[in-house]
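For reference, chains read A, B, C and D in written order, and residue numbers begin at 1 within each chain.
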Amino acid sequence: MRWSWVNFRFSRLKSVMPKSRVESFSDCVIAFAITLLILDIHLEDAGPNIDNAGMIQALLALAPRFSIYVISFLICTVAWVSHHELIHDVDCVDSRLLWLNNLYLMWIAFLPFPTGLLGHHPDQPVAVALYGAVCAITCLCSFVLRWYASFGGRLMKKEIAETKLRRDLWVSLYSFLLYLAGMAAGFLVPRLGLFLYAGIPASYAISELVRRKGNGRAR
Amino acid sequence: MRWSWVNFRFSRLKSVMPKSRVESFSDCVIAFAITLLILDIHLEDAGPNIDNAGMIQALLALAPRFSIYVISFLICTVAWVSHHELIHDVDCVDSRLLWLNNLYLMWIAFLPFPTGLLGHHPDQPVAVALYGAVCAITCLCSFVLRWYASFGGRLMKKEIAETKLRRDLWVSLYSFLLYLAGMAAGFLVPRLGLFLYAGIPASYAISELVRRKGNGRAR
Amino acid sequence: MRWSWVNFRFSRLKSVMPKSRVESFSDCVIAFAITLLILDIHLEDAGPNIDNAGMIQALLALAPRFSIYVISFLICTVAWVSHHELIHDVDCVDSRLLWLNNLYLMWIAFLPFPTGLLGHHPDQPVAVALYGAVCAITCLCSFVLRWYASFGGRLMKKEIAETKLRRDLWVSLYSFLLYLAGMAAGFLVPRLGLFLYAGIPASYAISELVRRKGNGRAR
Amino acid sequence: MRWSWVNFRFSRLKSVMPKSRVESFSDCVIAFAITLLILDIHLEDAGPNIDNAGMIQALLALAPRFSIYVISFLICTVAWVSHHELIHDVDCVDSRLLWLNNLYLMWIAFLPFPTGLLGHHPDQPVAVALYGAVCAITCLCSFVLRWYASFGGRLMKKEIAETKLRRDLWVSLYSFLLYLAGMAAGFLVPRLGLFLYAGIPASYAISELVRRKGNGRAR
């Protein structure tokens, strides 16, 4: 039968598809998205003869954008570390994973827009909520990607315990819910939203660093 | 004879040229083109004291650009997956393939221009048609690249059946023709053109995902 | 003696330094420089209600920038293919090669500036000459890099014939001299300069493609 | 006990985490930061009918930005070479190294901002001092990263002598102190600051090139 033959060819192809290009493509996209964040920060109308006090004042006026830069960098960095660990645990790649991964990258690549918006309007409730919404959707995509790799497509390496897979899934889901909460809080009290947006990835990073303390150096 | 010796040296060189750098270079260019798409989306003249309603309205006014962003991301993503599969099936790389590949990348790297144009003028027939023309030319380059790898240069791995090669070639050619049709339709009815531009890569992705259903996890 | 020991450590380190990161870093820089070229092309002051004729006219007015985009893409592409072949033939990397390579990349990364300048002032003799000067310096850096790898540092694989190394060096030197000539010609007759700038990489590419004809598929 | 089991799983995971993705991600970020530097250099208000003398004058007026471009490129290049050598000597990667590396990349990715500021205000003491401050912080991050890899986490390959590790640490620390001095000098005499900022990476590069002289080609 013709179709089953096509299926056979595809399944053979699928099996040998290496994950190296998924890694390098994702690295590139996340690295670019991170680096693009800085493009939005520049002094706009400082005259050529600005004095020291004026320059310092102009730089201080950019403080919100610096904060947002650091927050977005932190969020992208957490996304990269988490993506790194997920793909590292994956055994082989099928085309659905490719598409879910691309969907995830689309939201990562979209992040410079709400970052820029928030940098210009750090106290604007809608801007704060939009930022949280994009972060929440990114986490949701990450959750779906992780769910598919772990359970839907069963693409993980065999030796990885189901307990660990479930635990990592819950962490993704928690981040999604936390960003949703941050979005709601940010719409009501913008400063609180910003604080939450910074706190979520920071607490993830700190919890990871603390938990691994005392392991010594594994070989 | 001197020339035949040069030829000999070249043929030896050609044979050992790895495809890894072609992959990483293409990944970088496609990833960068994708990430640049977002640079065109920004609020231009929102005052510092914009209220919630004004901000929501300003964001809604950007809706056409968001749609184009998603469409272009989808098109680039399909291009990347298709390129990934082609290079994966290639056995060795010769210099003509390098040049055809670079020609293809030139059109991918060009995509941010019609994307930006269409984002600013979503109802302008010429902008819609130009976008379709660039997509069509990109598909044509992809077709030529695939044709050369499969038949002109016979660079594919030996175990890949000719039926599959022909089938993939037809898919490339169909996309080219569909974009040409989309270009004509878009010139007459811009909205229809946009719908087609989104539908072509989406249907490709969906057909790929559906067809592979039920394969389970191939090793 | 202490210094000789440091030397020993360095020489040991130097020997094991892989060339893979030089490749990926160079790929990234060249790919970004290529993709950045498009950022300079955009319609500036087309009103929202522009009609078809106006849009076509506005696009035609961008024709010089499209031409420069294609020329710069071609030049970068030739640079990438040539760099690819050089590093492929290199056996190991020492720190001088790293620095010469970085110097070369600095001029590649600089190319978007004269490209943008030439796109805005295609008939301005100084802009045309500057473009040629940057291309010439890039070729000169490529020549020095190739000379160092081949003869100064003797880093090439042993099995590569000296005849081939000398021939490739001459090709680099010829391109440098041709760009110098193009620069002089472009200062006097700008259009002639542009023609030469496009012709040099194109003739390189064509000569490469033609010469390798008839080799069949080397394994 | 559940927690120790989780620890066990993590330590196993940590050990197998390859350093290749850290390399490629860092390469991308540094390459992108380098390439973005050029975006800030462009002629702003040259009319369409500018003559040769006017064009040359306009280009000469950009001279400070060209100088800063070269200095920043040099600094990033030194950072890349130094990072390359560090990661090359590292045996395995743990999550703290990932985070310290990301912190380091954050400052590298931030460099285009002070570069642009300094390019527009080359004689402004605050701009000069800010540039030095960012360079100093980058060096400090590099010092911490190197310290952690060498002593805090003991992640280096076993065969690397402690003398070399200490020596490299001191070099990082010296650069940090030199940039601090450059920052102070630049605040008082801007030109002197610029001279120091260029001199520090240049002297590093020269000292490296000279010291390795006479090694011949190590295998």
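Things worth noting here:
One rule holds in what follows: contacts are C-beta pairs under 8 Å (C-beta built on N, C-alpha and C of every residue); 3 or more make two chains touch, one makes a residue touch a chain.
In this text the structure is predicted, and so the values were computed from the model without any measurement.
Think of chain A turning onto chain D: fitted on CA atoms, that turn is 90 degrees, to the nearest 5. Where chain A touches chain B, under half of the residue numbers in use are shared by the two copies, so each contributes mostly different positions.
Centroid to centroid, with C-alpha atoms defining each point, chain A and chain B lie 24 Å apart.
Work out the mean CA point of chain B and of chain D, and you get 34 Å between them. The set of chain D residues touching two or more other chains comprises 24, 28, 32, 39. Every residue of chain A that touches chain B in the complex is listed here, in rising order: 6-7, 9-18, 21, 24-25, 28-29, 32-33, 36, 39, 92, 94-96, 98-99, 102, 105-106, 109-110, 112-113, 116-117, 120-121, 124-127, 130, 153-155. By the touch criterion stated above, chain D contacts chain C in their complex at residues 23-24, 27-28, 30-32, 34-35, 37-39, 41-43, 46, 48, 50, 52, 55-56, 59, 69-70, 73, 77, 80-81, 84-85, 88-89, 161, 164, 167, 205, 208-209, 211-212, 214-215, 217-219.
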